[in-house]
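You will see two complexes here that share chain A, one where it goes with chain B and one where it goes with chain C.
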Partner chain A sequence: MSVTVVPAAGASATVRRNFWRGVWRVMRRKPSRMVGAAIVAGFALMGIFGPLLYPDPLPRDTQALYAPPSWRHPFGTDFEGTDVLALVVTGARYVLLTAAVTAVITVVLGTAIGLFSGFKRGRWDSVLMRLTDMKLTIPGLPLLLVLSTIWKFTGAIEMGLVLGLLGWGGVARAVRSQTLSLRERGFIEAARGLGLSTGHIVGRELLPSMAPYIAMNTLIAVTGAVYAQVGLFFLGVLPFEANNWGVMLNLAVFGGGALTTTAALPYLLAPLLAILLLTLGIVLVVDAMDEIFNPRLREE
Partner chain B sequence: MALHRSRARAVAWRLAGHLARGFVMILVVTTISFLIIRNVPGNPLAARYEKLVEQGMAPDAAARAVEVLYGFMPQGSLWDQYVGYMSGLARFDLGESLMVPGSPVSDVLLSATKWTVLPVLAGTLLSFLVGVVMGVYAAIKRSGVLGDMLAISGSLLHGVPQYVLALLLGAIFTTLIPILPAGGTADILYEPGFDAAYIGSLIEHATLPVLTYALAGYGGWILAMKSSVVTVLGDDFILAAELRGMKRSIIFRYVARNAILPLFTILALSLGLLFGGSIFIERIFNYPGLGLMLIDSINNRDYALMGGAFLLITVAIIVANIVADLLYTVIDPRVRGEGETA
Partner chain C sequence: MGRSLTAVVSILGLAAVTACTGGGAAGEKSAGGGAGGGVYTTIDGNKPGLDVNGPFNPWNPKGNSFQGFNAMRIAWSKNHLTDPNQFYPGIAASWDIAPDNSSITLHLHPDNKWSDGQPVTAEDVKFSIALAYTQGSTAFALDPGAAGAASDVEVVDDKTVKITQDMKNPSVTFVRGVMDSFVVPEHAWEGVLPADFWDKLETARGEGAEAEAARGEITALSEKVLAFGPPKDVSAGPFVLERMNPGEALLVKNKNFYNAANVGPDQVKLLNYTGNEQIWNYLTAGKLDNAPFTAVPADVMKRIVATPGNQVVKGYSPVAVGLAFNQSKKPYDDVHVRRGLAHLIDRAEVVKIASPEGGTAAVTTSGIHAKAAREWLGGELDALEPYNVDPAKAEEEFKAAGLTKKDGKWALADGKPWKVTIHIPAPFSDWVSAAKAITSQLTTAGVDAEVVTTADYPLYLSELAEGKYDLGFWLMALGPAPYNIYQRLYGGSNGWNILGGKVEHSAPGKNGNWMGGAETVDVEGVGEVNPGELTAKLNSVSGDEQKAVIGQLAKAANQDLPVIQLWDYVNTQFVNTNRFTGFPADDSDLLRQPSGVWIQLGMLKKKQ
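Showing the complex of A and B:
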């Protein structure tokens, strides 16, 4: 047994090195992809370390309400005189934590259901896929809105849970169709012919070849989660407990009148800019991943 | 002829299957709406009933008054309430609105529907026309810088949520360069009627919502059209046409006609998507359509109206999905072929 394990480990190390070399090559060809990766990494750092940079609670400058942008306040101040940039940076943790919880639930549930459905086929498959279709057809936002009347899911973990439980449909569909096509391939048939266990086939053969799809769908789920939670807070149907981008948008538009006076405009634009930058980063990273994992797309 | 009939039968079967599935979906959605209204904190039904009884109304009459308001009885088992609610829905009786006292929810919703449907249709049409043309261009120039830029603009606009677009447009056109009104459907100065001033004001107020719908839809169209054109460009019949020395303009017409077919199915889906997006856009531009109605009803605890608006928006999206899938069957010959053999 140990004889076979050693060369296998060596081979996988080579594969991994080649993989990273491929990643580097794809990234280098279009500089925009490097920018994308840098933006995503920057936001991740902001979410982890951002709140540590500022005192809690944030200092208020009561002499400067809705102050215009300056060196001291690059995006001005809000209605209480708090620095808007500080609000964006500290608000990132809530937004990204929710997105991370959503992503984990989406990926675990979606992959499990998709794999099970595609591998077992038959009756379970049709029942699960009917359910998935149903989840995909019922529009999420109106459902979230009416749900907010009976359950105030304000906390980051709760919010992530709700969004994840409502959002696994797309990943499940993608994983199922991948499973259906992969299970007919030679290497899976060979594994089955060797009498390997289902656990081995699913865990060691199927999952690694689907990892890129799952990873891309995860990123898409993350963006969806960011939009949904910011949107929910913006609409103001949930109580504001902690600061985040959606709360900022709501207060800027409906409290500060940012759509009628210019005073609150930087307060509105700063969180919008953060959302746009995050989207741009994720779009660019997905584009790079697409090419890394799909050799047919490579333009030589 | 026989082929034609079997095709019709395949479409009919598919339609029947979709209708059955759509019916189940609507049943699920109405059940969700019922359960939520019934379990709202503070139990508004019981509170209303108690209040009416306290005011000296006979318990029977009070129960009936509450039923008129919410569409189901304040007392009784869960099942009885459910049956009452559903039979009311079957008669399009959604209860009565609190926000607009004395008017049935169905009337309130009906008057809100036009403010959602018309801007959504106008925005979809605009984004369809622009997006398709740009998509063809992006496909032809796909290895150039301009094609790249167009594709990235498409991905970005497709990815950005509708409320971000609406807020940016609002910030630009109502705050920075205040040339467009910030909200409402028309200036209250003008009497509603068929005169130029009123209609001009209507159009002015509808510009920002329509523009937002159009920008939100544009990304999807350009991306879909680009990939569709790229696929068709690789088809053998295009190569054959090129080899026969056909004029480029004629080849272009072949490409466009074949590439646009699959897009008609997305049209229905996109309508559904924009219907859902109306919640943000109407809230931001204070436009009194179904989406704003849903938000207002939640904020005012008008649960009968909330249930009605939720149902109408959801059912519209479900119907759009069914229409999209049916169109797919009718338009794409390959899917049609599958239906025949099955």
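Showing the complex of A and C:
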């Protein structure tokens, strides 16, 4: 037995090595993809270490309210003289943690429901898909607005949980259709013929074929979650955190008059730029992933 | 500030100053001769968001009756610093107030007519008072024990109405309550009220099950009245609504108005807005002839003032804002904690950050706007503890309260962590900035603090009243009547209610008592006082006696600190003199009324 195990392990290591070599090749082909990966990595680092870079509470200079950009304050200061860049950096953790929780819940729930529904078919499929339809017909933002009046989303995880629970419908539908198509393919038929368990078929045969699709959905869910929560904070319906990007946008527009005069413009632009960069990074990484996982694109 | 104080003020039924002109530049034809003509452009500070389908109904918040333009009160209050009984004529040309406030006789303008040509009569006034009963009003209240309520409305002749106060529980606010009533045409509102309304009202003002049932029937009419509107605008004001779209309402001069000859503009355009930033944009474009109180950031202010013709006019606004405590929550039940916090808040810095153009830092906590406080208290105001920023004093106070300091952070007496949570409604961005500045100041001083926002103002008020918050921003000093000023600190929200003419104190958490202050306060130099009873007394006393009571209450508020007074509002308005002249000057009492009132009094003239 050990004789067969060793070459198997060696083979999988080779596959892994080839995979990373493929990744590297894909990344090198378009430098923009490298930039994308760097941006995403940068934001991840910012989320993890950002708050450690600054003292808590952030220093204020009440002699310099809405100060213009300078070397000291690259994006100026806010209404109470706090450095805007510091706010964006320290605020990244909340935004990204929420986005990550949302993405995980969206994808795990969406995939689980989609796979189960598509694989089992029949009554389960009908029930779950009607549930999904119902979920999809409920407009997300108005529901969130109503929810926010009765539930204070105090933590990033709570916020992510709510956004995730509201966002799995699309993924579930897409995964179900993929499953319906895949389950009729030869290799699944073969697995069934061999008498493999449902768990094995779903976990080892179906899921890997859909992994790229799911991975891309995870990243797209991240951008969706960032927009949704920043939007909610911007509308002023969520708890106040001075370094939340949405709160910054809100205060810049409604408190600082950023759309009327220039003083609060850097205060408005800094969080906008952060959101834009994050989205750009994710789009570029998704582009790379598409090629990595799509054999046809890869072989070109 | 998001929706800003204009919204707050209107919610409280105070005169929010709105007005505006503008638009004459659009070159529309001017109708009248002489100094008349032109289009006056403004916004209605009470109505963010015009509703094309709103009824012509002054009681309906989404209605299309605009105060001072096509909605008229009996008279327009001057909101005088100390005298609540001063008014400008509205539907009434003049009035006689009985020396003991027991009655008021209104004399209507002899030649005033509705825009459809019918005369404005005493019957219209009586009918409108009946409508006011269904909507709840201080002078026209169904509750038999209510203070300052009317007991009788009598039509003396076609142009004279006499309203008598129920002297079982009189109040100096009675006259103001009467004058604030809107008047609508009975002939256009026919059928809204049952024929036997006044009999029902008589029954309702009695006692027993029958009275209770009658009160229920009248209150049930409220919705019907609120939803009603005549098919066409019938106005006794200087203008009548001609047409509107979601962007603006166009009103034209009412030729039947008693002072039509002196009404300057031929037309008025009321522009739609949903937030302050839209008003800022109108102002920087020079579109508005007047904008009522609008919170403005410093840089936007510079842009507005730089626009040709724009001018800033500042006046007194009987409103202040304070940080109120829920004293049923620990450690805020201890006066030393409240005083300690007061010594840590730099009010000047808070105002600089939050409301540089719309407020002045409170000199101290007296419960009264500084301007009125000077009138009422004179030199006594300087004798009050000013609560200057003083970390050493704060430390003393906290220690006296038994708080402990560990690693530079204050903790509760039992060693548990202490976090000051300040609640505010999210739409008021000046309050948001102020609360954030306060938490920054407290955190620097070792008091852990955070800001929590609530989605909108009505929800904020209801959660506050339910006792859900430890600390919250609270409008106060709502003058001019001294009772109205102090009932914000020692009224229903702090446990004292006037029921059947008697002051009763409810325990914290009961009958709307969320402030949870002690029933009596030991005031240095005065002794043990019951501030709620003193406040109620302000309804019936006058002259020097009233001043003495106010002096005691100011001391009580200053020492007991149910709230920390943060800043007094300044009524900052904008006018544009390119198209019209004759705007009220700084400190004019007319700044506390919409600009429709300036126009109907004949002040504004087209620029020649």
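By definition in this document, the second predicted complex is superposed on the first by the 285 of 300 C-alpha atoms of A that agree within 3 Å, B and C clash if a C-alpha of one lies under 4 Å from a C-alpha of the other, contacts with A are read in each partner's own complex, and residues count from 1 in each chain.
To be clear about the criterion, a contact is a pair of C-beta atoms (placed from the backbone, for glycine too) under 8 Å apart; a residue touches a chain by one contact, two chains touch by 3 or more.
Since we're looking at a predicted model, the values are computed, not measured.
Undergrad: Determine, for the superposed arrangement built on chain A, whether chain B and chain C clash or fit.
TA: Once both complexes are aligned on chain A, chain B and chain C clash.
Undergrad: In the superposed arrangement, does A:Thr149 touch chain B (first), chain C (second), both or neither?
TA: A:Thr149 sits against chain B and chain C alike.
Undergrad: Applying the touch criterion given at the start, work out whether A:Leu65 contacts chain B, chain C, both or neither, answering first, second, both or neither.
TA: The answer is second: A:Leu65 touches chain C but not chain B.
Undergrad: Once the structures are superposed on A, label A:Pro57 by its partner contacts, choosing first (chain B), second (chain C), both or neither.
TA: second
Undergrad: Looking at A:Pro139 after the superposition, I want to know if it touches chain B, chain C, both of them or none. Which is it: first, second, both, neither?
TA: The answer is first: A:Pro139 touches chain B but not chain C.
Undergrad: For A:Leu276, is the partner it touches chain B (first), chain C (second), both, or none of the two (neither)?
TA: In the superposition, A:Leu276 contacts chain B only.
Undergrad: Check whether chain B or chain C contacts more residues of chain A in the superposed model.
TA: After superposition, B is the partner touching more of chain A.
Undergrad: Can A:Phe79 be said to touch chain B (first), chain C (second), both, or neither?
TA: second
Undergrad: Kindly classify A:Gly255 by the partners it touches after superposition: chain B alone (first), chain C alone (second), both, or neither?
TA: second
Undergrad: Per the contact definition in the header, classify A:Ala242: touching chain B only (first), chain C only (second), both, or neither.
TA: A:Ala242: touches chain C, not chain B.
Undergrad: Can you tell which stretch of chain C bumps into chain B once we superpose, 60-68, 420-428 or 600-608?
TA: Stretch clashing with the third chain: 60-68.
Undergrad: Could you list which residues of chain A make contact with chain B in one structure and with chain C in the other?
TA: 145, 148-149, 236-237, 253, 259-262
Undergrad: Which of the residues in chain B end up touching chain A in this complex?
TA: Within the complex, chain B touches chain A at residues 21, 24-25, 28-29, 32-33, 36, 39-41, 143, 152, 155-156, 159-161, 163-164, 167-168, 170-171, 174-176, 182-183, 272, 275-276, 279-280, 283-284, 294-295, 298-299, 303, 306-307, 310, 313-314, 317-318, 321.
Undergrad: Can you list the chain A residues touching chain C in their complex?
TA: Listed in rising order, the residues of chain A that touch chain C are 57, 60, 62, 65-66, 79-80, 145, 148-149, 152, 236-240, 242, 250-251, 253-257, 259-264.
Undergrad: Please name which positions on chain C make contact with chain A in the complex.
TA: On the chain C side, the touching residues are 1-2, 275-277, 280-281, 284, 296-300, 302-303, 349, 352-354, 424, 426-427, 429-430, 432-433, 435-437, 440, 443-444, 451-453, 455, 459.
Undergrad: Show which residues of chain A lie in contact with chain B when the two form their complex.
TA: 32, 133-134, 137-143, 145-150, 223, 227, 230-231, 234-237, 249, 253, 258-262, 265, 268-269, 272, 275-276, 279-280, 282-283, 287, 299
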